[in-house]
Every structure is written in C-alpha cells, then in structure tokens.
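Chain nomenclature is as follows: A, B, C and D, assigned in order of appearance, with residue numbering initiated at 1 for each chain independently.
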Amino acid sequence: MSSETWFGLCGAVLVGLGLFGLITHPDALRKLLAFNLLGGGVFLVFGTIARRGAAAGFGGDPVPQALVITGIVVAFASTALAVALLRRLAEAGGEPAAAAPAPLAEPPS
Amino acid sequence: MAREVTTIVAVCAGLFFFLAGTIGLIRFPDTLSRLHALTKADNLGLGLIALGTMLQAQGPLQALRLVVIWLLVLVSGSAVSQLIALRVYRRSGQS
Amino acid sequence: MNLSPDVDGGLAVLIAGLALWTIAVRDTFAAVIGFVAFGLVVAVAWMRLAAPDVALTEAAIGSGITGGLLITAAAGRRRRPPPQPDGRPRGIVRIAAATASVLAAVGLGVAVLSLPTPAPTLAPNVALHLGLTGLANPVNAVLLGFRAVDTLLEVFVLLLALLGVWSLAPDRFWGGRPGAAQRVDPHAMLVFVARLLPPLGIVVGLHLLWVGAVAPGGEFQSATVLAAVWILATTAGLCDWPPVGKPRLRLVLVIGTAVFLAIGLAGLVIAGAFLAYPPAYAKLLIVAIELPLTLSIAAILGLLVAGPPSREPRR
Amino acid sequence: MIAGGPIVSPAATASHGHLLVFAIVLPVLGALASLLAGGRWPARIALSTTPFGLAVAIAIAVSVCRSGRVLDYVIGGWAPPLGIALRADGLSALMVLTAAVLIIGIGLFAYAQFSAPAGTEARGSSVFWTLLLAVWAGLNAVFLGGDLFTLFVALELLTFAAVPLVCLDGQADTLAAALRYLLFALLGSVLYLLGTMLLYGGYGTLDILLLADRVRPGPIAWAALALMSAGLLAKAALYPLHLWLPPAHAGAPAPASAVLSGLVVKAPFFLMVRLWFDVMPGAADQAAAQLLGGLATAAILIGSVVALRQTRLKLLVAYSTVAQIGYLFLMFPLAGGVPAIHPWGATAWTGGALQAVSHAFAKAAMFMAAGLIYEALGHDRISDLAGIGRALPVTVFAFGIGGASLMGLPPSGGFVAKALLLTAAVAAGQWWWAVVVLTGGLLAGGYVFLVLTRALAEPQAPIKLQKRVGGGRQSIALMLALAAVLLGFVPLRPWAVLLIGRPASASAGL
C-alpha cells in the first residue's frame, strides 16, 4: 500500500474516533478535543488527495494544500471561541455538563 | 566514508541517550529524578544527532541552522525543567 | 526522503493510536497532552506527504497554539474541577454513536480507496499561471492569488471569532485588558527565556513571511511565530495585553483585512476584476497585502489565546 | 482577459457581475468600520450601510429578471477550476433580496434596544451591530458563492457571527445554549468540508457548475453527499439534529432571534438545495429523497406538538421554527430524485422557495412580537398573557398574522407555499406528503390560537406593564408580518423568475 493511502485510511479512522468522542463524551472540553481529532482526520484526507495529485514538478497538488492551511486556521478560531465559552460558563456558575448532553440522548421537551 | 561512519556512530549514540532518557521517564519514581533522567539524556541525545546530521549538511548555513535548533531546545528544555522543578519544590514546602 | 511506505504505515498507526488515547483516557489533562503529541506526529506526516507549508502550519497552529490553549483550559479545570456530569450517556446512545462512527469511517475508507487513478489535479494549471502572480511558492499563489477571496473571508472570520470571544466579557470589563494582572519576578526562569527568545522569534517570523514567496512559509506561519513571542512575553509579565477598547489596537486588528479589501477593490479599476493584480505589479501588491495581514493575524491569534477582557478599563 | 490569465470568455462575466462582489464586500466593510470606530458609531454605520445593501440586492434581482439568465462573476479573472466564480440564479436573487429587506427591518427594530448610551461604548450594542453586518455578509456569500470551499468559509463566517448573538446577555443558560449551538455547527462544518474534499479528490474541481458536469454516481459521490448532507442538516436543525435550536433561538435577544430564526437557518437549507439540485442532481436517488421527506415529516409533527406543549412564548416560537424547517425539506422528495425533472418539480421548487421567504418574514415578526411582549410584561409565560392584547394591540396583531402565514391561511405567502407543495404532492402521486402539510397546518393553527386566545382574554385584574413599548418597534413587527401576507397576493406567474438557472424542462409545470 502506498504512503498516501496509509494516511488516507488513517484519516478515515480519525474521523470515526472523533465522531464517537464528540457524540459520547459528556464533558464539553473532551468534545472539543474530539472535534480537533476529527478535523485532523479530515485534513489528512486532504493531504492524501493533494499527494495523489503530484504533477508538474510539485510534490503535491497545491490547491488542497492551501485549503488545509485555511482549514487549520479556522479550526483554531473555533477552538478558541469554544474554550472562551467554556471558561465563561464555568465562571457564570452554569455547569459545563449541562451544555453537553449527548445530542441524541435528550428527549425533545 | 569517514563522514558517513561518524554520522552513523553519532546518531546511534544520540538514539541511545534518547532511549535511556525515555526509560528513565517511565521507570523513575518521582518527578525530580524523572526530570533529571529526561533532560540530561535528551540534551546530549539531540546534540549528538545534530552533530551527526551536521556532517551531512549542504553548506555551512544549514549546519548553522542545526546548531541553532539544538541551542533553542537546550534553552527551552532547561527553562521548562526549572519551572517544573520549582513547582515541585514549592508544593513539597506546602505540604 | 526515500523511506519505504512501511515507515508511513507505522506513522499512520502511531497517529491513530495517539488519537485513540486522546479519546479513551480518563484524565482530561492526559488527553490534552495526547492531543499535542498527536499534532506533532501529524506534522511529520505532512512532511511525508510533501506538504511542508501545511506541516509548518500544523506544528505552529494545529498543535502549538491550539495545544497551549487547551492545556491552559484543562489546567484551569484541575484547579477548579467542574461539577460532575450526571452520568455517562446511556448504553443505547453509545451503541448508536459507535455504529454511526464505524459507518462513517468505513464509508470514508471505501471512498478513499476508490479515488480515481490518475488523480485529477490542478497542479499543472497552477504551474502554468504561477508566473502571473510573481510568486514561486505555489501554495501561497493559491492563497493570495487564485483563491484570494477565500483567504480574505477567512481573515474576516478570524476577526469575528475574536469579537465573539470578547463579547463573552461581563459588561463592566468591556474595553479593559484580558488576562490577569501580572507581577514580574525579574529573576524568574520564564522571564529570562522571555527576554532571550523574542529577538530570535521576530527574526524567524519575518524570515518565514519573506521566504513564503519562494519557499515553505507565509503569512499564517509567520504570524503564528510572532503571536507566540507575544504570548510568551505577556505570560512572563514583560508586557501586558492591551485594553480591547484601545483605538490603536482596533486599527492593528482591522488593517490586514482592510488593506486586502482595498487592493482587491482597486483591482476592479486597474486590472478589470475584483482581486485581480496586473502581472507587472502582482508581487508588489501581494507583499503589500501580506505585511499588514501578518500583523493583523498575529495580533488576532495572540488575543484569541488571551481570552475575553477581564479587568475594568480605566475611565 | 485580465492578467493574461486562464481566463474567461467575455460572455462568462456578465456586465453587472460586480454587483455580486459588492453584495458581499459592502457588509464586510461596514463591519470593519464599526469595529474600528466603536463608541456610538456601530449602530449608525450599520443602519447607513443597509440602504446601499438593499440597492445592490434590488439591482441584482433586476439584472437577473431582465436578462433571464444566471448572473456570474469570475473573481480576479481566474476562471474555475483554478479560480472562484460568484453566481446569482433566480433563487439566489430572491434570497439576497429577502435578506436585505429583513436586515433593514431588524436593524430599525434593534435601534431602540441597542443604541449605546452617550459617551461610553457598551458591549451589547457594539457587538450586536458588527455581528449583524457580518451575518449579512455571510448570508450573501452563501447565496452567491459558486465554489464549494468558498461556501464552507461563508458557512463558518455565519457560525462565528451567529453564536455570540445567542449569549449577548451573558446568563449561564444562554451561554450553555451558545456552546451547544457552536458544537453542532462545528460538527456540521467539518462534515461538509470532508465531503467537499472528496468531491475534489474525485473530480478535480470545487466549482458547482463544473462538478455538475463531472459527478457520476459511485462511492465518492455517495460518501460526499451523505457527509455534506449530514453536516448541513445539523446546521439547519432538521429533526433529529434540532436540539440545539430552541434554547439558542429562544435565549437570544429579540432582534437576534429574528436574524437567527428568519435568516441564518435558511443558509444551510440553501446549500442543501445547491448540493442536491445543482451539484449532483443524478447522484441522489428517490430513496434518499424520501428519507429526507421522512425527517421533514417528523420535524413538522414533533416540532408542532412540542410547540403546543410549551409554557413560554419564546420557546413556543422557537419550536415552531423546528416545524417550519420541516416544510422546507419537503421540497426534496417532490422536486428532486431521479429522474430529476418532473412536471411537478417546478411547483415544488417554487413552493419550497416561497416557504423559505414567507417563513423568514413571518418568524422575524413573531420573534419581535414575543420580545416586545416579554419586555412589556417582564415575562413570557403563556398562561399569564391575558390582557396583553388590549395593552399592545399592534404587537399581538403582528403575532397573529405572522402565525396565519405559518398556518397557511389564505391569503398569505405561507398559504401559497403550502398550496404549491400540496399540489406537487398530489401531482406526483405522493399523497402522504399532502397529509403531512395539512396536519402541520392544523397543528400550527393550534399553537397560534392558543397564544391568541390567552392574549385576547379579559384579565382578572388590570395588567401592569413593566415597561412602555414604543409604537415604532410594534409597527416594524407588523410590517414584516404584513410582508409575509402580501407575498400571497403576488400572482404566480412572476415566480417563474425562481426557475432562472434551472434546466429548461424544469419550468414546464408552473
């Protein structure tokens, strides 16, 4: 199996792990970690596609590489906003747990 | 040829120190001795690897970069271990 | 690098293992450490995927600054643990989640394996038009040339994220400084490092910006290094975060997007389209965009780490 | 033609194409200026930006109607697949116009609430106005973007502008609602992004028009469609991914709720339409469309029933949004699937689009009315509303006629939308969707009348208002509600504009 396929499949595994963590972890900070893993998996799939597109003397297709850079920066901004929300919530006396019941677990009331 | 051999020897020696440091990190009983094992071994290990790869560098500029990297890791490593040690020291004073 | 694919297979397994640890370990702090290690190994993977620009970004932002942010958040929780959530989700939810996750991973794996060969690529297209941007680094030609509008909107998104973080401050702190008041111990180790590193960090940051035209690097990587220097200096107490109401700070934050937009709109007149550059001036215009952009991004990244204003402004 | 580039035939960039750039750039400039200026300026800057934005939106609509074809613009002169194009078809033009009119209404409504006291810079006002402009920029970018990754950035723009609006009051419960909203939105974006990348890996472009030619059914197209749809549904709050919506929309201040419920949730719906009808009309089969219809049915029925059981007015209105989003997705089984083009497809398409617009106006009006009632009474308990009909007749009237549009009472925009969906369902021989539309209308009637009977009841003791509510804001709510009704008076023929950019055979049924 070629290198880029290894990383592509690794990306698929990360997406699965991240998704599971995001749904099942009751703690919002752990959800955030899972979201970042999920993002890492998505970016690795980008990397696979970029590497497969190597041509014209470039080691990879520069378009998906540029998109990943944009994606990483946006993911950081998301994490920063979520962390700020978490900390503010802890100060406001609300329990972070209340913010994070598993999305499927709550009866619609 | 002599260059290649020196590189291999230096990098292998560096790896040995890294291994020793890692074992120390896992096996030693308390934070201070772990820190001791880790920093000594890692600084030396990285230095040896930098030395080995410097011999393979293309031009003096690249070699200089490797030296700078080693120095940076030395500075940050010693600073961080100072901070950790200080914290351990203060905590033990409290209890 | 001529390592065999087996090495990459090992790397992939290591990445997946670190991810599993991050998800499964009980202690949140340990999970965060696992995530930082994960980010560093992923940066190596990006080198192996022949994407040094991305590797730099992943190491600096994906692992570095994000890791720092999460470590601080987790450490804060250690000091003041949050109330325990009322139990783990019910078994049926976990089973449903596991099924969905496995389905997603398998479906994605199948899709990855059925990617067409030869792979469709825009690399030749980029190579053909690279000269018109005056840049030699294809990734930056995409970011600031062919797909410049994405980058423009993205920097605006960063600015909004910062405004969102600020908006969480209680009313009385609006306009004040973020972070706790600092007390400097001139002999502390951290202060020594914070005095030693900034000159070097600034040189490295500007170097990354400058070589971005021809080699791996660019405004995002450069800005991250500059932001890291700023964060280090404020953490050590050498300088303080600025009050968020300060007009000069607002100008620094906005100027990158504003100049980008202005040059883009000027393109309507001088080159016939929004964000078009006349080939003769392309490189000059792109540098004119990049310099203020780096300044703004560095300031935004630093302040995103600093968090909402938490001290009352001096009236 | 530009930069000697790869470049476009002159015909490809229409003469009014730069209008599309202005529609996005103008609110961005406004947001930058209000962030920079601070103090009392954000409100002034935002309000003075709106007429220009409306003018651009009208110009786009006129240009699309006059030419009868898609308006497009190639950014930087770099033609797709290397570069990025902006495009406005009939539906985009309508949505851009809707957004502009609603933003003006919401801006005027918010002026009383969020104009800063003299001298100092207040947090709430400064943040609100900048974010309002940012939401507008994000919406226009979503409606006009022709590239899937640009659309991702636009979605993120919208998320970052919308989430802080939820927790402007800084209370623990709205902060928790904002955090939950953020997590759902982030999951949605990352799944959408993954699908985008798979499409690039499979077909070598992110441009919607080019993809439409190249996409073939297969594992890549299916995986991409599934991932992107799941992501967009989480953002659009379609059942069962709706749990974040009620606390977020009910917790926000009234003008923010109007933006979120009226406009922001329409953006992921719009992208679903782009994805299913423009990017891959062939990839999704009838079974997938029926599944979406099933989720829509669950949303309509469960959302309405839960709304009926609410004790607080704002939550009732929020759950009503969950139900009304369901109607939007009824469009997919009726107007889509394989083969994509039925005679009734155009009917369902028009119905879906009208539902999006009329719900935007009606729901904005209802959230404003609910906000005014809350402000006047100091609470929004439905059981204690008696007498408010006499105290704030205009507000309650606005709530009522907004509700009439939701129920689908003639004559109103909601009536035409639901009648079109009903007609399409009967014509398609899929009568079960007709039953859903009618039942949903009855349930909506239930919760609207529940509120109205309480509000119009004679109070046991004369009610004391906590705060006087100005007539200006009441009449803005009323005007938006009237706009939702007036949509029902527009004869059907002009709506053919909506089909600009659709395949020619698609307009046969109208």
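The rule is simple: a residue touches a chain if its C-beta (ideal position, glycine included) is under 8 Å from a C-beta of that chain, and two chains touch if they have at least 3 such contacts.
Bear in mind the structure is a predicted one, so any value in this text is a computation, not a measurement.
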Chain groups still in contact once chain C is set aside, others held in place: A, D | B
| item | value |
| --- | --- |
| Between B-C and A-D, the pair joined by more C-beta contacts | A-D |
| Chain whose mean Cα position lies farthest from chain D | B |
| Chain B and chain C, separation of their C-alpha mean positions in angstrom | 28 |
| Approximate Å spacing (C-alpha centroids) for the pair chain A, chain B | 32 |
| Length of the line joining the C-alpha centres of chain B and chain D, rounded to whole Å | 57 |
| Where chain D touches two or more other chains, by residue | 82, 149, 153, 156, 160, 163, 167, 170, 175, 194, 198, 200-201, 204 |
| Junction residues of chain C, two or more chains touched | 104, 108, 115, 119-122, 126, 128, 146-147, 150, 154, 157, 161, 164, 168 |
| For chain B, residues contacting two or more additional chains | none |
| Contacting residues of chain D [partner chain C, same complex] | 1-6, 13, 18, 21, 25, 28-29, 31-32, 35-36, 38, 73-78, 81-84, 121-124, 126-127, 130-131, 134, 137, 141, 149-150, 153-154, 156-157, 160-161, 163-164, 167-168, 170, 175, 194, 198, 200-205, 218-220, 222-224, 226-227 |
| Chain B contact footprint on chain C (complex, rising order) | 189-190, 192-193, 196-197, 200 |
| For the chain B and chain C complex, residues of the former touching the latter | 72, 75-76, 79, 82-83, 86 |
| Complex contact set, residues of chain A against chain C | 1-21, 23-27, 29-30, 32-34, 36-37, 40-41, 43-45, 47-63, 65-70, 72-81, 83-88, 90, 95-97, 100-102, 104-105 |
| List of chain D residues in touch with chain A within their complex | 82, 149, 153, 156, 159-160, 163, 167, 170-173, 175-180, 182-184, 186-187, 189-190, 193-194, 197-198, 200-201, 204, 240-244, 302, 306, 309 |
